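In this document, chain identifiers A, B, C and D correspond to the written order of the chains, with residue numbering beginning at 1 in each.
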Amino acid sequence: MIDLINVTKTYETGTHALNGIDMHIDDGEFVFLVGQSGSGKSTIIKLLTAELKPTSGSILVNGYKLESIRRSSVPYMRRTLGVIFQDFRLIENKTVYENVAFAMRVIGASNKEIKKRVPYVLELVGLENKGRRLPNELSGGEQQRVAIARALINNPTMIIADEPTGNLDPARSFEIMLLLEKINALGTTVMVVTHEKGLVDRFTKRVVAIDEGRVISDGMDGYYNYEA
Amino acid sequence: MKHNNFGYLLGEGFRAVFKHGFMSFAAICITVACLVIINSFSLICYNLNLTVDDVQKEMRIVVCIDENYTEAESKSVGSDINLLDNVENARFISREEALENFIGDSDASLFDGLNAQSMRDQFEITLVDNAKVEETKAELEKVVGVADVYADIEVGNALATIRTVLYIASIAIAAVLLVVSLIIISNTIRLAMMDRREEIAIMKMVGATNSFIRFPFFVEGFILGVFGAVLSFFIEWGLYEVIRKAILNTGLEVMKIVPFTEMLIPMAVICAVAGLFIGIFGSLMSIRRFLKV
Amino acid sequence: MIDLINVTKTYETGTHALNGIDMHIDDGEFVFLVGQSGSGKSTIIKLLTAELKPTSGSILVNGYKLESIRRSSVPYMRRTLGVIFQDFRLIENKTVYENVAFAMRVIGASNKEIKKRVPYVLELVGLENKGRRLPNELSGGEQQRVAIARALINNPTMIIADEPTGNLDPARSFEIMLLLEKINALGTTVMVVTHEKGLVDRFTKRVVAIDEGRVISDGMDGYYNYEA
Amino acid sequence: MKHNNFGYLLGEGFRAVFKHGFMSFAAICITVACLVIINSFSLICYNLNLTVDDVQKEMRIVVCIDENYTEAESKSVGSDINLLDNVENARFISREEALENFIGDSDASLFDGLNAQSMRDQFEITLVDNAKVEETKAELEKVVGVADVYADIEVGNALATIRTVLYIASIAIAAVLLVVSLIIISNTIRLAMMDRREEIAIMKMVGATNSFIRFPFFVEGFILGVFGAVLSFFIEWGLYEVIRKAILNTGLEVMKIVPFTEMLIPMAVICAVAGLFIGIFGSLMSIRRFLKV
């Protein structure tokens, strides 16, 4: 569960990235977050992952109060989230398999558990044959799928994806969205940042639109109803 | 850190040593070089110390008694000398004995004209504390009946000075080289961390605790330090014995040189402590700096 | 001018990324390169920039024969190209201004030229106020525009863009495409790799479709006529 | 590299030194430490060499002539001695002079019984080549009329042995420490290059030539080496003078110690050469390894 109450974020450069965001996402919801480039979408995600602290306001993520969270609790908070980054963030000298297994090691999973779960998840994203590849031996879209696999691996309460289909062709993008929808149906909360009007329009989900650091529309009509 | 992770993280640390092969090699080489130099100086100091002790143990003060004193009178002066604090023992040397000493191994015919009456009664004195030789010499000169006091303090003093200088130089060099080793290990770890900057950022994002992130780097530094220490110990051993034998072969008994095996345990302890210190602090230095950022 | 004749590329992993590509692009053309994720688009671009050597076949780029180019000529060949990478590739500890100016320094431009041209190009991509920012102080879309500015800065004969709008909202994407069209109109050859059907369909340009390392369609009808 | 770039690339190199502050500092410290140790050994060797030369220059062989020879006869033996190859000069010492030498500063009354006839005529011989003392001694013994040959070769030999040992030790330590410095500079540059891995890749993609990429790193290594050399030169100067004065103050004239100013130019040259060598090769080592990949 996510709760943002009157959150603002001003960067050290003086940019007011967020100017009072109120947003509530219940467990099990599927939400698209849309908005122009520079409107503050990634900033919201960085706040949710405690990469950044809010300038003011309060943020609740899966029971952790992020505006006052202790440093030592941050890792445990992050384990409740599966994050897919805009720039993939794969470890370059580890294979695809290790990149995914790695997230399990971090939380102390046994080798047995790892050996069982990683191949399953790789198959889920269609990379069953690329486990031994290094990230830079993959196409952009394949890398994005590795990132998705890593986010799924620990069965997080919530998946947060920043442009998970930015580098995928329409068919693949649709597949990934179907995958996320399936995961959502199994009870995981999903929040997807995207620019792709086509995709958003094809799924009838809640859409939150952001502009200049404010929520300008929030509806269940399922349309990318924001036009620049 | 959970049990499951321990083996994995240990393995990561080990693997890192090989992955940063050149750097690890360099770090170990430098550590070994520094430790060998440090150890060499310790050994030189230790042996020189033995030599100085020897020389000082043999140090004697010779007191000549007024030539008009009879042997009995001279001997009574001896009891006065024995009263002095720093005098351990005063051995009486009669004029005859003094003459024999004087002629020594030389061609006796050379000294045909000499007889015992040319010499004076003497006392050969050993001291409690050789360092106070100057004061004792002054006291001896005040004793009634004492004509001259000869103390051959120069060689002992020179050696003692050399020893002091060597001590200070050794400590200075050891300190500098320990810091050099610390820095090189720390830099190796720093390099390893920079190399995995992104990896660390990603680890953090997927919920790794700081100790999970640190452990492999710590293992890496530890391995480097310990490996350097072990290597340096054996290299030192070999080097020392080669040099010892070379010196013994020259036949020059300039100084005492104990075999390495006599110092096996203290040397091993020094190496181990230095290696652990360098490895642990070297890596801690970098790990702290890095994770703070 | 680009000429690919029967080009194949097999990676060390054994993947046959390209299986005999024939493609000719004349000076002044505007070409979209489309295809599924993993079809070999980025591989083509890496061959054109001499990042990779072809396994067989011959490649001609602006007069340089890439299959046999000397190492020392590669930098000069690259200066005739402006490349926009899928992952931006900005220098993280240089400001936006320096990132762009940098590409001019590399070719030995004087400070005077740099001071004149950089602000002009930054304005062209709408980043006139962000010159002093560092890349990670920018949104994903803004970073993409910095990459575009850098590609434009040296007035290359040819612009090659790998997903230049992957992280941009539809409005921004359209703007960028208009910008590339304008640059093309001034005589620069433009080749754009993209997944965005919507965009391709809005411009009536030549579209080359790739699948499994082969050209499967090449027409001037201007439609994203490839469906997975 | 075009003219426009030169200033920019130089600036980049300089900036890098400061950007990698800790690492640069460490590299300079280690370089300074190594160079100071190397220089110290050179200086010790140099001074010891002077002392040994001095001692050997003063080396004399004393030849005693048969005691039955008259002074005239003895002198004719002198001309035979002068015929020997390795004899530079043979000074005649009459019995009277020999007695005076023998009594020396001692209390003359001690030797009342001695007269000149107890002594023998002597020749004090200086050699052309001191190293051949043993052979010359043997030849002298064969000359008719020569009774005894005294050559005090022990001190000279001992010093010469110490000098040889010190030479070898110094060269070994210098070599090791030079390599240590090379490695540390090379590692600093390596770190700098790793730090800019992505930057280098990007530079290549926008058409930078290899020399454009290399130059700033080269400048960085060069600065580190030169800076280390200059610092070590002045530190050595200070250190040397402090120690020299300390030794002079003890009054012990154990060995000759020339003032640093007498060696200013050779020391400056050594530092400069070492600094340039370390800086240039240190950076080249890394740059090559890195750009090949």
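Note that in this section contacts are C-beta pairs under 8 Å (C-beta built on N, C-alpha and C of every residue); 3 or more make two chains touch, one makes a residue touch a chain.
For clarity, every value in this text was computed on a predicted model and none was experimentally measured.
Trainee: Fewest touch steps from chain A to chain D?
Mentor: Minimal hop count between chain A and chain D: 2.
Trainee: For chain C, which other chain has the most distant CA centre?
Mentor: It is B whose centre lies farthest from that of chain C.
Trainee: Using mean CA coordinates as chain centres, what's the gap between chain A and chain C in Å?
Mentor: From the centre of chain A to the centre of chain C is 28 Å.
Trainee: Quick one: report the Å distance separating chain C from chain D, using the average Cα coordinate of each chain.
Mentor: 63
Trainee: How many angstrom lie between the CA centroids of chain B and chain C, rounded to a whole number?
Mentor: So the centroids are 68 Å from each other.
Trainee: Can you compute the centre-to-centre distance for chain B and chain D, using the mean CA position of each chain? Integer Å is fine.
Mentor: 23
Trainee: Got the chain D residues that touch at least 2 other chains?
Mentor: As it turns out, chain D has no residue touching two or more other chains.
Trainee: Which positions in chain A are in touch with at least two other chains?
Mentor: As it turns out, chain A has no residue touching two or more other chains.
Trainee: In graph terms, with chains as vertices and touches as edges, which category applies: line, ring, star, complete, or other?
Mentor: Shape of the chain contacts: a ring, since each chain touches exactly two and the loop closes.
Trainee: Which of the chains are touching one another, listed as pairs?
Mentor: Pairs satisfying the touch definition: A-B, A-C, B-D, C-D.
Trainee: Residues of chain D touching chain C in their complex?
Mentor: The contact residues of chain D facing chain C are 1-5, 8, 198-199, 201-210, 212.
Trainee: Can you list the residues on chain A that touch chain C in the complex?
Mentor: 11, 13, 15, 34-39, 41-42, 86-87, 133, 137-142, 162-163, 166-173, 195, 197-198, 227-228
Trainee: Residue numbers of chain C touching chain D in their complex, please.
Mentor: 49, 51, 72, 75-79, 83, 85, 89-92, 94, 102-103, 105-111, 150, 154
Trainee: Under the touch definition given earlier, write down the residues of chain B that touch chain D in their complex.
Mentor: Residue positions touching the partner: 22-23, 26, 29-30, 33-34, 37, 67, 107, 110-115, 118-120, 148, 157-158, 161-162, 165, 173, 176-177, 179-180, 183-184, 186-188, 190-191, 194-195, 247, 250, 252, 254, 289.
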